[in-house]
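Below is one structure; the comments refer to it alone.
Naming follows writing order (A, B, C and D), and every chain is counted from residue 1.
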Amino acid sequence: MQAKDEAGGGGQEAQGEVGITYDRDSVEFARLLTFTDGLFAIAMTLLVVDLTVPVIKDTHSVHELADALGDDSATFVSFFISFAVIGRYWVAHHSFFSQLARIDRGIIELNLLYLAFIAFLPFPTALLGRYFENPLTIVIYAVNVAVVSGMELVLFSRAQNHGLLKRKLPPDVYRYGAMMSLSPVIFFALSIPVAFLSTTLAVLCWFLGLPFGVIAKRWRPEGADQLLLG
Amino acid sequence: MQAKDEAGGGGQEAQGEVGITYDRDSVEFARLLTFTDGLFAIAMTLLVVDLTVPVIKDTHSVHELADALGDDSATFVSFFISFAVIGRYWVAHHSFFSQLARIDRGIIELNLLYLAFIAFLPFPTALLGRYFENPLTIVIYAVNVAVVSGMELVLFSRAQNHGLLKRKLPPDVYRYGAMMSLSPVIFFALSIPVAFLSTTLAVLCWFLGLPFGVIAKRWRPEGADQLLLG
Amino acid sequence: MQAKDEAGGGGQEAQGEVGITYDRDSVEFARLLTFTDGLFAIAMTLLVVDLTVPVIKDTHSVHELADALGDDSATFVSFFISFAVIGRYWVAHHSFFSQLARIDRGIIELNLLYLAFIAFLPFPTALLGRYFENPLTIVIYAVNVAVVSGMELVLFSRAQNHGLLKRKLPPDVYRYGAMMSLSPVIFFALSIPVAFLSTTLAVLCWFLGLPFGVIAKRWRPEGADQLLLG
Amino acid sequence: MQAKDEAGGGGQEAQGEVGITYDRDSVEFARLLTFTDGLFAIAMTLLVVDLTVPVIKDTHSVHELADALGDDSATFVSFFISFAVIGRYWVAHHSFFSQLARIDRGIIELNLLYLAFIAFLPFPTALLGRYFENPLTIVIYAVNVAVVSGMELVLFSRAQNHGLLKRKLPPDVYRYGAMMSLSPVIFFALSIPVAFLSTTLAVLCWFLGLPFGVIAKRWRPEGADQLLLG
């Protein structure tokens, strides 16, 4: 039997609601992941749709095609940045769910909300490809990514507080995980004022997460090595 | 062996047809779900394709870009409404299939018909994004959603009457589930005349399902807590 | 161990090649189906992309929008025809694979070729939506569908002749299955000359499969009820 | 328990990092494949989006439509070439993963990088469809494909050197596999200078892999028959 009533878990759901959970080996757990992985795969592949073939006059001219593609270089950079950004979230999601013993209705719904912002990302990406120098573009992109990271934290805390993890995390590991989820929010928030000075500099802020990740490993408490929240 | 002849089930299929069923743990049951989840994921992600990058003259101007995006605000609202609508159907489908012990050819074909209207939804969504104030847009959207809810009910009653559920539901639980499936049909039908007065008001009708859902819980018979049909 | 050398199956592969097969419960069998189901789901959902929102002047006018959508009615008909056509192939694929005990490299490659023509179908569909009265449109659509049905037959005969079925079919059941796979080829081929008289009549030919399916059931040999090849 | 610390594998990861691996039968192994298969399916199906319905004046004219489609013949050729190219990589990926006993974080990340270039392929394909005679088109396509094959080799060597294969390959089989992965890099690199003489000839170079594959079988060491790296 896949669905299980959370015995004794009534205290967490104040309205007297009995929480239904689906175990790791249930069809329902698998479906949530199939759906999520499909949505990620599509969001990442749809990015290529914004790469439009340029119109040139002399169809044989290497020079003219090279120039036309060069003019669109921001679109290509945007494709690879967004593929990396969404890909990193997928790795984080993969890592997070590897810690779950079961899911509940709350995780299913929060995961949907999280996916709404993943599915939306191709739009800011297209904006970035076209109006790279516009500070507003950076703001929209940064807010979108910050919301995704924020939702990641919400999912993480739900799992910790509703007994969905294989092993409830000790407080220091939980705090470390939450910090790792929050850190991109900070770097993306930081990029917003920077965007009004220089959009290139703002985009570079987004990559501060990489050196930060290396540094943060020093503070990593024991038992946290399976967590990669991004 | 995954396929099983429905012993004694001949009475339900009048043409003497022996109904083949596929158990919950069969490859065939899994495929139906993979296919369905893939289609849902795509329909939800394709919604972003309608969000077109606006054309502005001064590419650096925050003001001009903000104005252009503001003009398209209905598109963004439509994206999130439709993501929520389709997402809610996915949750309902997930919940419904968690009650099934097996599927038959009828469920496979009815599920396809149901998916045709899920796959179609991005079109009314695009229409809504462009012609939000046009009553006909609201009518088309409402009819599409009402058909999906209607198909949900058809799937539900097939499962109940062909012995596909893990446990056949008692009449009161079945009636409650049917009512929950039908309720959006009513709210969306209601929005149609309202649309000719005000399209904004009509869209608000669609959200009457939320307070109704809360109220309906009071009438919920015991054993119905695993049903969320939307 | 999932991969298995076909002991004694060397005779079928004349070049001395040892055929590797993957059992029904292997990761590799599952992947082929995940990939196939994903491709089907996308091909069916992409059909909606061709439904373009019409441009009208008075955005509030129900009349103008209704007229504009009426002009595009062929596009909507094409959407539902193609959804039904591809959906029917999916059901047939689902039914066919439910009979397989294992797959080999040949099935994997033939299945890819089959999928190429499934993935191509949205193009003839778009053509049909725009140039419904053009006989060439009908020809292209019919040829594409006939090729898919032909490939279905190729897959079916590979399975029968390379010992991939759960139970090798008796000759009469095999012949019946082959005929069912071939029948759409005939109806679609028939529609080609008809298209030069009337394209509407030609499209009606495509649906001759439905009454034929009912009639053909009378000839159906025992044990063939699990086969639905389309 | 799905996640396993690589006991004694610390030597391979110099930073003292303990490598987490996921076994073949874990949810996490399955997810990587669902995600990958989904992305492949989408990349292959998206190719059809570039096939645009031509605009003709006399909508009933078979002649005019035939001419218009004839002008776009390069687009159709590109569709089938790219479907074959990406399909072949999928078969290779399917075959490669059938050899893996487990995956680690490295494989997950390298696989993402590999998929970025699979997801990008529809763009060079569209370019090829429009500017078939432009040598730069050939260069871009060839570089993209060569990078994919290169990444395949990186994945293969990671699996061999980090103990992820079911059975570590003997040196001669490993070398043969590496050569098979590298061979397309050579044929695609070769096509680059050829493109400046004739783009048709350059495209033909891409198919040199087919006769080479047949010849290479003669050198194939025992036990390598399950490897098809492309």
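Before moving on, here are some points about what is shown:
The working rule: contacts are C-beta pairs under 8 Å (C-beta built on N, C-alpha and C of every residue); 3 or more make two chains touch, one makes a residue touch a chain.
Keep in mind that this is a model prediction, so the values were computed, not measured.
In this structure chain A contacts its sequence twin chain B using mostly different residue numbers, the overlap staying below half. Taking the mean of C-alpha positions as each chain's centre, the chain lying farthest from the centre of chain C is A.
If you average the Cα atoms of chain B and of chain D, the two centres end up 36 Å apart. Mean C-alpha position of chain A lies 26 Å from that of chain D.
Residues of chain C found to touch two or more other chains are 30, 34, 38, 42, 46, 49. Taken together, the chain B residues at the contact with chain A in this complex read 24, 29-30, 33-34, 37-38, 40-42, 44-49, 51, 53, 56, 59-62, 65-66, 69, 79-80, 83-84, 87, 90-91, 94, 97-98, 225-226, 228. The part of chain B that touches chain C in the complex is made up of residues 2-3, 17-18, 20, 22, 27-28, 30-32, 34-36, 38-39, 42-43, 46, 49, 105, 108-109, 112, 115-116, 119-120, 122-123, 126-127, 130-131, 133-137.
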